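So, here come the structures, one by one.
Two complexes follow with chain A in common, the first pairing it with chain B and the second with chain C.
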Partner chain A sequence: MGKNKRKISGTGFLLLITVVLFAVMYAAGMAVFADKGFAKPQMFFNLFITNAGLLVISMGLTIVMISGGIDISVGSVTALVCMAAAYSMENMGTSAYMAVAIALGIGIAYGLVQGILVAYLDIQPFIVTLAGLFFGRGMTAVISKEMISIKNETFLAWANYKIYLPIGSYSRRGKFLPAYIYPTVVIALLIVLIIILVMKFTKFGRSVYAVGGNAQSAMMMGLDVRKTKLKAYILDGVLAGCGGFLFCLNSCAGFVEQAKGLEMDAISSAVIGGTLLSGGVGTPFGTIFGVLIKGTISSLITTQGTLSSWWVRIVLSALLCFFIVLQSVLGNLKKKK
Partner chain B sequence: MKRKLIAALMVTAMAASMAVGCGGGGASSDGGSSEGGSEGGSEGGSDVITVGFAQVGAESDWRTANSESMKETFSEANGYELIFDDAQQKQENQITAIRNFIQQEVDYIVLAPVTETGWDTVLQEAKDADIPVITVDRMVDVSDDSLFVSYVGGNFQLEGAKACEWLKAYADAKGIKELNIAHIQGTIGASAQIGRTEGLENAAKEYGWNIVAQQTGEFTQAKGQEVMESMLKQHDNINVVYCENDNEAFGAIDAIKAAGKTVGPDGDILVLSFDTVKAGIEATMKGEIICNTECNPLHGPRVAELIQKLEAGEEIDKIAYVDEGIFAYGSDVAKVTVDGTDYEVTEVTQEVIDGRAY
Partner chain C sequence: MNKNGFDMKKLTSMRLFLPIVCLVAMLIVAAITIPGFFKISITNGVLYGYPIDVVNRASELAILAVGMTLVTAASGGQDISVGAVMAVAGAVCCQILSGGEVSVTKLAAPLLLAMLVGILVAGVCGLFNGLLVSYLDIQPMVATLILFTAGRGIAQLVTKGQITYVRVDSYMVAGGYVGAIPTPIIIAAIVVIVAYLVLKKTALGLYIESVGINGDASRLVGLNSRRIKLLTYVLCGLLAGVAGIVASSRIYSADANNLGLNLEMDAILAVALGGNILSGGKFSLMGSVIGAATIQTLSTALYAMGVSGDQLPVYKAIVVIIIVVLQSPVFKKYTAGLKAKRAVPKAAAEGGNQ
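Entry: the complex of A and B
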């Protein structure tokens, strides 16, 4: 019991740092770039608009990583979902609702196959999902090498439906511009909320932590380790499908090169959010801030205007190092007791 | 003991995170404060025009020259402030950058789109914020044409027509009676392919040229070489090759040499090409490419011209082409005429190559 408590305090500590880091960064941005619109509420909502897909996908990765696994196929799944949705709507004339079903179908299929391979055949999750990565990108090219623009009316109506918020800002010309979000943001936040609740309050959520923390003792506690892992991968697949569709609503097109490297963004968001690659530790709540920090860095650098956008990667790598070192220090402390 | 250690660690970590946070802000605070200064200036009556430019990336010499042209044109000295974003070939990065430009309330957004599609949502946001969008290099495919004010880029059909007029004049000057042309097309459907192919087909019809073979080389050297090899096997009377970009021309030249034939003014086959990248103009100086029609990456001045017109409240054209030259080996043809307009032909010398920006 005492051991358990310490682990949670470690998680809490990492989480605290992430939240503080985000707050400090954003506040600094607001102070320095106030005249460049950084202080506007819309700038904050843009973080969610742009990263809605990533947010959902990172939730999936957080769960898989807590269970002790990894999934590097999510970027390819996103590309495949976008392409399949675009192709079905534009070239096969299916409805936008059908495209949602296709997206979820792809996600479930991915989760199921990868989950079975990882959980029941004991294959390294990295290798399994690497295969998934290649397969997804390849299938995307097989469906179409050309870019497909989505013109489906229902779909575009979803994508372009602005939800105006009661706050806003005045433009330089004195016109009041209300802040807005898109339905993607609402969906993403709802999904995040559900995942937080599932991970915290359900038997499944607690099993994932137990399996990731120590599979042996979880088994001795009478948990079905394999089943839990499989479930984690299926949930991850579904979230990748959902996230991919949200991504598609943002880009309105299917294209082979889409979302390349998205899996790395998702993994780094989870790590910055306090999830340990070794499993057992992490929270979906922290991952939200991981995603927001990534978004804030790229906003800051674009707003600055003269720095090369490759600096986003450099700053991210520095942050990753910082968090990994911190995790390792905490881990060592725990061992020493 | 342990609690102390954790507390100490916590403090260090906090300090570190603050430092990182401030470092992120601090690194850019120079830009921020200088911007503050120019901002103050603009409120004081002078009008600095802020332009946000979302560039594709830095994948080729052509692209780099394109970026440099924008940076030179929209300099502080010229009364502009340029916010430059390199999207690293990712459309999602460009969408993010445009959203950022909107919040910064730039006066104009210039977009060199990575992809032709998927711009409806974000361009609508720009329109709602009353920020005009000018696309360069590639068109965007949007359902509502009012989402962008103008397109700046090359006139590919004119490029094709110019090359063909040059060929006609050159053939007349050299007394070449019969032209048997091998046509290596670009990637089918690309705007450059459509325009340049149209130019050749029109000219062939008008002047009675014989296009003996026509196939796509997909704008690559490897494919250009492969296509040329098979064309040479099927037809032994080819004396002109019309390639739709420099890379295809390099491949074709290799294939011709491998087949034991010669290229150039005194050789068996004349090679015509487009784009005029650095390696292309060097090949033109040697005569391997006899005539190279430029695809000009220097879009900056043309975009600035449009912006000045918009500032003055004038109407602008939906499509604005950039000026493009013709580079040739030798001085047999001094100028060509297309639709009543004269275009000068530049003889390639070392000075010409050194004088080019890319």
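Entry: the complex of A and C
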């Protein structure tokens, strides 16, 4: 029991660091860039608007990582989903609803194939999903090498529908400007809520934790380890497809270089949110803060104006490195005790 | 065993048998798709022809594959940052040579010094990866993922977001020709031969294998398994640096976005095609080099068939998946089961399957 308690407090400690880090970063941003509008409520909602897709994709990654695996194909899946959706709507004349179905179909197919290879053929998840990464990016180029912007009316209506909130800021003349969000944010938050509930209260959710914590004992307890892993990958695939579509609603275009490095953002969000790379530990709730930190870094750097966009990647990588090292050190301390 | 004559079983059980079969198969495919594939001629005093082109283009890959083989053998994981590290090395080297200008026609610093610094910086990248993997026990691919994404950003930072051109003849030599032979081939050959000799003549190769097979056991018999792992990552970084400078010399510039792009996948593929098991342990350097040639033949054949550069990953991804499925323990067990059944068909028929 005592050991168990320490373990929980260890992960709680990581989550606490993350929440504090986010709060400090955001407060610092508000203080430094107040004149550039960083203190406005809209800025906070923009974090969700620009990262709605990433939020959903990170949920999938959190689940896979808790199960002890990893998925680095999500960025390519996003590009493939965007391109497939754009191509089907613009060049084949399908409806926006059909595009949603295509996006989910791609996600399920990815999840199924990668899941079977990882769970039933015991291939390292990294190799499988690395192949998935290159396959997705290559397939995107096979569909079209040119950028396709989406002009489908239904799609654009979804993308541009503003939901106004009762909070907001006042313009210089004293006019009330309500903050707004897009439907993507509502969908993303809904999915996050569902995932939190699934991971906490369903048999599947608990099995994922058990399998990731110790596959051997999970098997001895009578859990079907392979099936649980497969399910985790399928869910991850569906979420990647779904997140990819939300991403598409944000960008309204499909092109080969899209969402490059998104897998890194998703993995670092999960890790910063307290998910252990070794599996078995992590919460979808923590991942939300991981995504918010990533969002804050990029909006701080874009608000600052003079720094180039690759600084986002470098800072994020440094942060990821810091958290990985922290996890490793905490893990080693626990072992010594 | 047969003392004289041809022993088929012995031949097929040789480690390099499958890699060579793959290469020959690929060469046949290339010969069918490209007319005049095997023709070599001397044009303008240099060797010219598809085979030379394949070997020439495979040079960086072969250099990377040597490093990747060692990393794979010792740590049971792959270094996916090599492409980005190549970009960093190229960027550092070109930036020193140009002295901060975007395009120069005169060297601002000694050539060898700049190359050495570029390679050393790549070695530092390898050291960083190695420390994370060996001393902090982080999974190799997660640890190298950090530089995989940050590396190109760092390279951009070094070149200030521009493509630095070094239009000097002496810089183009490393990617050009020495006499009639392309320099990259010579560099790759030196790297491979040196690595081969060091691994064969010293106990290092044996140590790396033993660490990869069982790190704890190696430590108990007195090997410093952490330091050996670290060493392989540093070597991998240094070799990525060499490859980066060769690649940058070819285009006499440092393009942070495209230098060594997607080469990490090719390098892993070369190691896998060379018959090395991706989860570590025994390795064959020559296998990886043959693997590198196989991949370059595949790429050349695909290019000749009109497949564009950004579509290539699709085919390579499929090849990787096929290889790892064939290597997977589950699949091996299955085929072993089939063989056993064929050997005793009656028993199998009576016993059913498991």
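Keep this in mind: the second predicted complex is superposed on the first by the 329 of 337 C-alpha atoms of A that agree within 3 Å, B and C clash if a C-alpha of one lies under 4 Å from a C-alpha of the other, contacts with A are read in each partner's own complex, and residues count from 1 in each chain.
Here is the rule we use: a residue touches a chain if its C-beta (ideal position, glycine included) is under 8 Å from a C-beta of that chain, and two chains touch if they have at least 3 such contacts.
Here the structure is a predicted model, which means the values were calculated and not measured.
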{"item": "Chain B versus chain C as contact partner of A:G237, first or second or both or neither", "value": "neither"}
{"item": "Partner chain in contact with A:L117 - chain B first, chain C second, else both or neither", "value": "second"}
{"item": "Which of chain B and chain C A:G68 touches, first, second, both or neither", "value": "neither"}
{"item": "Touching partner for A:K151 - first (chain B), second (chain C), both, neither", "value": "first"}
{"item": "Which partner, chain B or chain C, touches more chain A residues", "value": "B"}
{"item": "First (chain B), second (chain C), both or neither touched by A:L300", "value": "first"}
{"item": "Chain B versus chain C as contact partner of A:S308, first or second or both or neither", "value": "both"}
{"item": "First (chain B), second (chain C), both or neither touched by A:V24", "value": "first"}
{"item": "First (chain B), second (chain C), both or neither touched by A:S328", "value": "second"}
{"item": "Partner chain(s) touched by A:G212 [first = chain B, second = chain C, both, neither]", "value": "neither"}
{"item": "Contact residues of chain A, present in both the chain B and the chain C interface", "value": "308, 310, 318, 329"}
{"item": "Residue numbers on chain A that touch chain C, as the complex places them", "value": "70, 72, 117, 120-124, 126-128, 130-135, 137-139, 141-142, 145, 256, 261, 264, 267, 277, 308, 310-311, 313-314, 316-318, 320-321, 324-325, 328-329, 331-332"}
{"item": "Interfacial residue positions of chain C with respect to chain A in the complex", "value": "77-78, 80, 132, 136-139, 141-143, 145-150, 152-154, 156-157, 161, 262, 265, 268, 278-279, 308, 310-318, 320-321, 324-325, 328-331"}
{"item": "Complex interface listing, chain A residues touching chain B", "value": "13, 17, 20-21, 24-25, 28-29, 31-33, 35-38, 40, 42-43, 46, 49-50, 147-151, 156, 159-160, 171-173, 175, 177, 182, 247, 250-253, 255, 257-260, 297-310, 315, 318-319, 322, 326, 329, 333, 337"}
{"item": "Contacting residues of chain B [partner chain A, same complex]", "value": "2, 5-6, 9-10, 13-14, 16-18, 20-22, 24-25, 27-29, 31-32, 35-36, 39, 81-93, 95-97, 99-100, 103-105, 115-121, 124, 128-130, 141, 143"}
